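Both of the next two complexes hold chain A, though its partner changes from chain B to chain C.
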Partner chain A sequence: MDEPDPLELLNHLEGILESDPLIDEIGFIHPSQFVLLNEDVGTPSTSVDSVQTTNFRTLFWIRDHKLGISTKVLFPLYVAAKNAFVEAYKNYKLLQRDDKHASMCCSSSSLSLESELMKHSRALLILSCDFGTAWNSRKLVLSKKQSLSMFMNELIFSSVILSHSPKSEQAWSQRRWVIKMIAGNCSNLQEIMERESELVKKLAERSKMNYRAWYHRCWLVSYMSVEQVLQEFNKSREWAGLHVADNSCFHYRERLMLRLFEESEHSQDQDASFDPELHKLLKDEFNWVEKLIKRYVGREALWLHRRFLLTCWIRYFACGDHDRSLASNQRNIRAVDIDMLIDNELELFRSCTILPDSDFEDYQAQATFAATYMVWLKRVLCFIYFFNLAVSFELFTQLILYVLNQQLAGALAIDIQKVETSRVKSLLTNVCPEKSLLWNYLPELCM
Partner chain B sequence: MGELQVEKHVKYILAVEKRKDNFESVVMEHLRLNGAYWGLTTLDILGKLDAVDQDEVISWVMQCQHEDGGFGGNIGHDPHMLYTLSAIQVLALFDKLHVLDVDKVSSYIAGLQNEDGSFPGDMWGEVDTRFSYIAICSLALLRQLNKIDVGKAVKYIVSCKNVDGGFGCTPGAESHAGQIFCCVGALAITGSLHHVDKDLLGWWLCERQVKSGGLNGRPEKLPDVCYSWWVLSSLIMIDRVHWIDKEKLAKFILDCQDTENGGISDRPDDAVDVFHTYFGVAGLSLLEYSGLKPIDPAYALPVSVVNKVILPCRP
Partner chain C sequence: MKITALMVLKCNPEGSDPVILANASDVNHFGYFQRSSVKEFIVFVGRTVAKRNPPGQRQSVQHEEYKVHSYNRNGLCALGFMDDHYPVRSAFSLLNQVLDEYLKNFGESWKTVQSDNAQPWPYLNEALAKFQDPAEADKLFKIQRELDETKIILHKTIDSVLERGEKLDSLVEKSSDLSAASQMFYKQAKKTNSCCTIL
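Presenting the complex of A and B:
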């Protein structure tokens, strides 16, 4: 077979894309795989196919809206697509400049140049997903047209690219640009948010700890209603429980929680600063993560999530500006609460630092994370200890507050002592000798 | 421990630059200016910058510039901050910053600053702390920091700090070693490192070192040579580099070399590329590997270049 003409290849690819607007997945396939794929489809009746189409059958494969392109033609196809795009972009920009001078907007030549540009940039991006200038050219056309259906189609196109390159920074960025463009005048924004979130979930399944994908999901949070944030929080729990090594998913839950805390701070007046629902939500997460930590031994992401939860607990429920307005009985409840929390964490530490006789790496990792978690706990406690002292001196005229703070601080000072620095240090050096340089410094930091 | 294959890496970089006849090389053409920065900086650290024709490079770089002052990743590509910094860095390597219309380039960068102090990458508005770093590093190299509101830029970067001490690309985004380098680098250049909790961040960064000695960029990820740069440079800037095992890290980087054809990969036995070759050599330079020029952890350029550009007051 002769080498196919690059322009014909491009026309053929663009023809496929035009004829099946529902294509939802794209992949590059090695020629040897084509044989298997075509056998799978069954032999088509060759009588109706032209010779050319038969040739293309070994280069392009399409079925159930999935498109495969042979790796054999990627280079000539790319060169043809790029040249066609560059030409179309140049002409489009020239015409735009002329249109500006002539103050016309929708001439027929401009329409056809627009569709040429959209067509060639699409083919080019399928071959080279981070070709920023091609994405920009599409933004240029879209912002000129301001058509909701075109914006929605762009979201679909970007997901096709992501099906092949889930880490494409440009494809994710294009989605955010489109959403910002339509956010103001679109009645089903919440629905779009939900679909975006689902897309990330689907892609995260195939592309683990994909920073760009999870960043996109975090970015959506600021566009969500509080109800939706709560829904997302509940929905993402199952996935997180099944992907305990995916730090990004736990970070997503942290982002959702922080948004809820922010909302709660804004919405509540001074007298009722304690939000029992959030208190329960945090407590549930605490208990859930503890279960996961015990079930999945030695998972860094789980321990880091617990560090975050602990910090939140202290920040939102143990100290801070709100406390000053609290009645003394409520304040005592919290001191008790904190005491119980610390006891619980010490117990967790003990149970996670029991090393079985066998030399399992997971248990050593678990003990390391438990010990560094203790350092974190101490650090957070020191923070309240000093924080409360500072507050009490600052407000020394308010005698009652002063006494209460001293009580709290006194109780905490004892708890700090419970966690012996030397024990943590020798444990760390024992279970994780390769980080001994860090252990020389770390446990001392908070004393 | 194997030694750094200086001659082979030089040969590899020079060869990669010329290759344009396969799909793998042409799909990278949109970021060729980044590639030029990675390759040329590596050559300079290795003491072999004179192996390239600098007039040819400079003339090509200048053809990537647009009317508005910004640079595209290659001739005919749209301007973006990512490539504008690379252009400035490449010109700085050759001590040729004077060929630039400094006012024009710095106006392009300064013109992008948002009301809240953040920077988008280009006119289309995607904000990221990487672009804050680029703006600050570029303008510092051009001695034009006064063109932006530095206070607001710093405030925005600080707002991207997380509970774990790290930084993400926008407020509330997950900590990532690459983003941390950008934020810490920008704060270092503007003399604002007091905003960083050095012990807390140092702790997070040191937890990136895995058993093999390599560094990862986030918890639970595999080690990758590029983090030898992002993590190490950050640790140096916050003065906590003595917390990690430098010897094991150097060994990990050296194990990622292609000892036959040159180049460095992300992990041992993977395919090499210019990006990882640069980060491996730059990482070794930070580790004071013998025979390498020292590299500046904030500007990501050889110290000798930074000294020439920043220190003297030129007329």
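Presenting the complex of A and C:
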């Protein structure tokens, strides 16, 4: 067979895209895979029966809304799509300029140019997902049209792209742009949020450590209602528990928790800043992470999440005696709480630094994480005692930075000798000898 | 946390390619068009690793964010394709359990098998679903204390399993388990570090 004409190929591809708006996955496949794919389904496709389709049967494959394109034609197809797009974009820009002068925006020629541009940019992006000009040209048309259904279709289109390149920054940012555009005037925003969140979950399963996908999910939080935030928090728990090496989902949960805390601060007046539900939520998360730390040995993400939880605890629930507005019994609860908390952390530290005589798991890593966590905790506690818990969070972080620089902490006389610095030091030297120089400074760092 | 596949193979002492006795895989989290290649790769990597696993030894082979755990007990070898998060301890408890279960079901009949078996073994598929949560495999661990006795050898790359002079690239090219399409995926993934599109 002769090499097929690139323009015909492009027409055929655009025809397929037009005829099946529900395509949800795209793949570039090896010519030999067609035989296998056709075997799987039995009879060859009869949905489109023009003469030329038979020629294309070994180049395009579509069934169950999955579109496969043969790698053999990718290059000519791409060149044709790019040329067609550039031409359409040029014409569209020209017309737009003319329209401005003539102040008529809905002429039939402009309509057809718009659809040409959308058609070619779609084909082009399917072949090369990071073609920024093509994404921007679509934004141009969409923002001029302001049609809700077009915006919704753009979300679908972007998820098709993500199906084969889940880390495409442009595709993710197009979604955020669309959501921003429709946020004000659409009634089912909550539903859209839910779908977006599900999409991230699905794609995160497929591509590990997908920062862009998780960034997108965190970004969604500010558009969610409080009930939805709570729902998401409960739903994401299982995934996080089964993906303990992936920091992303824990980060997402942190974002959700912060939103809940913010809301609770806004909704309550000064004298009742204690929210029992949030208190319970935080406590549950604490216990859950502890369980995970013990089950999945040597996972840094879990320890980092614990640091976040403890910081939250101190900020929101461990306010000190200075707080006159508190009822005395509440103050007592808090004092007891923080004591119990520290005892609990010490216990965790001890159990995680026992090095068993086996190479089964990363006990060395676990011990290192536990010890550095302890060093961190001790630093944090210094501030709590020293400043009598009276600092705001911003000040708190600033002070941490300040003291880290100034080595001021050495001057603080604080009764937290429960934390055994020398034990931490010898342990760290033992499990992580390559950093022994750093560990030698440890007593100065955390006393 | 994901177990992609569990396999049982017969290792031949004279060094010919191992024979597949049972194979269960779950490739739904891969792209539609990649699934057939992924299945082929599981067979290919499984055979490659099992062939180089001496009897009585446990080994874990790291390959990108995946780990292949294998345990060869007197020529009968169980393999698990897990992702990096799956606790090693749980993985080997599970492999132990799979071997016990296999012997209970089929006895010593495996010793005479000469060609790959494509018949599904229901237990293996059930195990694949059940043990996706390592907490389940942890329960097994509590019963099987003898696990601690043999050391696990950890290989940081699949190349370190191969004998001197062997190269993964040439094994991929020679393998009859891999179709042209899978070879293309392999080369492409190598070239683009598996995160980019094809152009």
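The criterion applied here is as follows: the second predicted complex is superposed on the first by the 389 of 447 C-alpha atoms of A that agree within 3 Å, B and C clash if a C-alpha of one lies under 4 Å from a C-alpha of the other, contacts with A are read in each partner's own complex, and residues count from 1 in each chain.
By our rule, contacts are C-beta pairs under 8 Å (C-beta built on N, C-alpha and C of every residue); 3 or more make two chains touch, one makes a residue touch a chain.
As the structure is a prediction and not an experimental result, all values here were calculated from the model.
By the touch criterion stated above, A:K167 is placed in contact with chain C alone, chain B being left untouched. In the superposition on chain A, A:Y78 contacts both chain B and chain C.
With both structures placed on the common chain, the touch criterion links A:L22 to neither chain B nor chain C. Contacts of A:R307 after superposition on the shared chain: chain B is touched, whereas chain C is not.
Using the contact criterion defined above for the overlaid structures, shared-chain residue A:L127 touches chain B and also reaches chain C. Contacts of A:N136 after superposition on the shared chain: chain B is touched, whereas chain C is not.
By the touch criterion defined above, A:Y296 reaches chain C but does not reach chain B. In the superposition on chain A, contact of A:S32 is made with chain C only, not with chain B. Between chain B and chain C, B touches the greater number of residues of chain A. Once both structures are placed on chain A, chain A residues 71, 74-75, 78, 127-128, 130, 209, 245-246, 299 are touched by chain B and, in the other complex, by chain C. The touching residues of chain B, when paired with chain A in their complex, are 21-23, 26-27, 30-31, 72-73, 76-78, 80, 122, 124-126, 163-164, 168-170, 172-174, 176, 199-200, 203, 206-207, 209, 211, 218-221, 242-245, 248.
Residues 71, 74-75, 78-79, 82, 86, 127-128, 130-133, 136, 139, 173, 176-177, 180, 209, 211, 214-215, 218-219, 221, 245-248, 251, 254-255, 258, 299-301, 304, 307-308, 311-312, 372, 379, 434-435, 437-438, 441-442, 445 of chain A are the ones touching chain B in the complex. Here chain A touches chain C in the complex through residues 25, 27-30, 32-33, 36, 66, 68, 71, 74-75, 78, 127-130, 163-165, 167, 205-209, 242-246, 295-297, 299, 358-361, going by the rule given at the top. On the side of chain C, the complex with chain A involves touching residues 1, 29-34, 36, 65, 83-85, 87-89, 92, 132-135, 138, 148, 151-152, 154, 179-181, 184-185, 195-199.
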